[in-house]
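Chain naming follows the written order as A, B and C, and within any one chain the residues start at number 1.
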């Protein structure tokens, strides 16, 4: 009984404080206009989840902000950055978003997965900030909010390129192994659509969970369907044993095993198994890409895969440019200029780096930023178009380069 | 145009939903970039050369080409997006097609997510798709399941022994498996030791890891006389702490254990890497050794005595504390070995053991808590169910098979397959 | 100073409220009855998915969807309880954890993606009823030192009302004769048997009540965000145990206080990590975040060993330290 009373008191004191604060709460439509202040960039990316696939994105945001500030910042002030851990759970992610919103972010970069972006988009945009993701590819996010942008290409075009390659190699049947998450599911759907359009019969589709102890069930099931070709839609982190099994044990080769952008990465398996395997990566120029990867590795030497790092970098750069064009750090004002700086304006000048673009903007010229993820342009629904793809292939040392 | 008997399939008019959502005139390609190219094959997957290919817009012929000796025709340009009819006439083709004609409708869509030139495969006859027979698939899955079952068993025996002597369910046991996998990776991949040597060293280090856990956490807690449920909840905390620490030091990525390859063994329909068979061999030898030791060894007998009745064992002169320590060492070593084998079977990552933990629990409980032979049998049942049931259920639900068998068996026989009745009380 | 206010904001967020409610449900199982339910996340998942699917796929009205969801949860509790309650405590723990994982794997599978959205989960198209009745001005609302989105604050208000009402009901329930029987079962099952009480029936009732509260928490949990299968992993249940032991198992307000402290500390450690990164303590921000979970794990161990009764609990009235 005493315990109950004590508990009641303690809880009521804690709660009472809250109620008291609520009672004297003031309310307003929006926080003070932050036009004069510095551009505050928040980033919600996974630091502890998804087998490290998000870590390159974290470094990419660091690199982008450093480059912006080295080039003089935005509207006369340095860009401020706050990175928080999204984990893979909504509960901690929502917390992290709260802290970004309270901090006063004008732009929020993230989230990593399409599913999580759907969970946090209303929270971010309600605060008047704009959300730019460099890695959301699910078509269900298209046009979800006027303040939501993404610089990652939807996988549909890559799927079309892969289907084209499969037909070019002379295959009429294919099997798909896909990672069971937002990215993998959306890609798999696009892949099936592209194969159907090309007349390629999909004879087996298998999904795997990233927490499973092994993927032999999936590999065996697609092998049992005896496809002429297999497309592997999985992160490099999970693909090692599947490539070992498909190439080493089941005799698939670089002529009938195809990789997705995220499957291209660094492996610790025998390099001869990887030799010749191909996949498409978005990006204009392989040399620029290699240079960028070096910068990321300088930030975090443990990085294994770089998928979506370029588009996340672009997400930061393009929103900073939009802020310069808008002469304001206010989220809505920045959002209004996003399409323009990506090449939506008539007679704009193409530019490739932040400094170059910022100088042009300062001189009063309209710019068309084409970033690391290839040509970058926001369509009316804030999705990105104009992506360029290059075909990459592994050499005999286990690293990949643009296919000859 | 006479409709051919072969016009029966591939009338695919595509309804790409995203097309509607993505009107982007700015992205339009120049008109001369639109077109069709493709490949013509027969039912035996062989290219058909010399066939005439026409692209028609309604009844108007837009362009034509002839397939080359690889069965390909090059880009036939069309003025722009829209639905076109591809007509293929095999009159002049090599082979025995008797002038069959094929017709396929294909749509070119103006969208940033499709290509302006569509690469098309057309087959002259429906190819007879060969698939592996059900028994072949079953055999392959059974061997995989047996392999997984042995892996679970090696790890789970330790869990079961710890339960027998310390009486609590150790949620941190998965981390001992992870420890073995990560140590094996460092030894085999980073230091370049041969796989077998790396496995042996990792197993010994795993023993030390088990010993360290006992000294650092469990002995002090036993001395404090905390309850079993407290121990269980503490083990959850320890599991979380160790797992995050491993992530901190090892990183989040999964990695292949070794570049070493022993080749592939084909036994009838079952194709597996030789390392998997070697792993199974090692598992069986180790499991048999542990079984014999428990049954006939002096310490093994003492272990069973403690599991049976701790107080009685203590009064009969069994050094309970010493035996408990030995059991922790053994549990750590076996878990580490299991981690190495799992790493060879698949990959190593900071949460590999944690992901296996629930299947270990299932194996232990299915066999009857605290009985070693039962644990072995239970683990193999769990492994087989997990891998075989994917023939019927989607592979991304495969753990459901292993866990469901646990729930179902407990409904019928709460003490597990080999457990004694009084254990459930 | 900022980081302290930032962290304290977690006291009243909807997530804290939803976790508090789920932990209240778990407290009925574990604290008051001594049932070692390690699958509370399964009940929360049933609540979240049951509600979202009822509204989005079947187009049920909100009250009907809530009713269907709670009935579903009660059915699941019966399904789970009838065969397993006669098992020993740690068997129950593993069966409940296995059942919760079965549910999560099924929800996560692409096989049922038509209804569940598979690994994508379900986007929020089900909380119109709450947002529609929002009395707060739209946009951003300032509460003391904190700012909230208007909808968030409204959801938080509703959530906390539900939490307080439930806590009140539990307060009455555990002081009733029924509650005293539960405690009796927890302390000495055989004594209650010899008094002629149908122990299994009481346990089953407790399992159903706690499970239904867990499902209600699931409904609240997904209102401000979306439904995502990964949220309902074992970590959710473990978090709840931490809260329960932190606040004090077998107390009425323990789970609420536990949830508040848990989330404030989680936020605080994240802010600390950020400071550490700024100060050059970590090479990169990801490593710091990993250390945060080491702290959570260690905290759970220290708590359960050195203060198993938690902040509000009474050492003499302990459900799980008695043996």
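Structural remarks
As a working rule, a contact is a pair of C-beta atoms (placed from the backbone, for glycine too) under 8 Å apart; a residue touches a chain by one contact, two chains touch by 3 or more.
To keep track of the chains, here are their UniProt names: B = Branched-chain amino acid transport system permease protein; C = Amino acid/amide ABC transporter membrane protein 2 (HAAT family).
Only a predicted model underlies this, so the values are computations on that prediction, with no experimental measurement involved.
Using the average of C-alpha coordinates as each chain's centre, C ends up farthest from chain A. Two chain pairs are in question, B-C and A-C; the one with more C-beta pairs in contact is A-C.
With each centre defined as the average position of its C-alpha atoms, the distance from chain A to chain B rounds to 26 Å.
In terms of their C-alpha centroids, the spacing between chain A and chain C amounts to 31 Å. Residue positions 244, 247, 252, 394, 396, 399 of chain B each touch two or more of the other chains.
Residues of chain A in contact with at least two other chains: 48, 52, 55, 180, 207, 209. Across the assembly, chain C contributes 105, 108-110, 286-287, 290, 292-293 as residues in contact with two or more other chains. Listed in rising order, the residues of chain B touching chain A in the complex are 10, 12, 14, 16-18, 21-24, 26-27, 38-39, 41, 45, 47, 70-71, 104, 106-107, 112-115, 118-123, 127, 129-132, 136-137, 140-141, 144, 148, 189, 244, 247, 251-257, 259, 261, 264, 271-273, 342, 345-347, 349, 351-352, 355-356, 359, 387, 390, 394-396, 398-399. Chain A meets chain B in the complex at residues 48-53, 55, 139, 142-143, 154, 156-157, 160-161, 163-164, 167-168, 170-173, 180, 190, 193-194, 196-201, 203, 206-209, 211-218, 220-221, 223-226, 228, 236-238, 240-241, 244-245, 248-250, 267-271, 302, 304-305, 344, 377, 379-381, 383, 385-387. Residues 6, 9-13, 15, 19, 105, 108-110, 113, 118-121, 123-124, 136-147, 149-152, 160, 171, 221, 224-226, 228, 230-231, 233, 235-236, 248, 251-254, 256-257, 260, 263, 266-267, 270-271, 273-274, 277, 283-290, 292-293, 311-314, 317 of chain C are the ones touching chain A in the complex. For chain A in complex with chain C, the residues that touch the partner chain are 2-4, 6-8, 10-11, 14-15, 18, 21-22, 24-31, 47-48, 52, 55, 58-59, 62, 82-85, 87-92, 94-96, 98-99, 101-103, 114-116, 118-120, 122-123, 126-128, 138, 140, 144, 180-182, 184-186, 207, 209, 299-300. Put simply, chain C touches chain B in their complex at residues 36, 83-84, 86-91, 93-95, 97-99, 101-102, 105-106, 108-111, 238, 241-242, 245, 286-287, 290-294, 296-301, 304-305, 308, 320-323.
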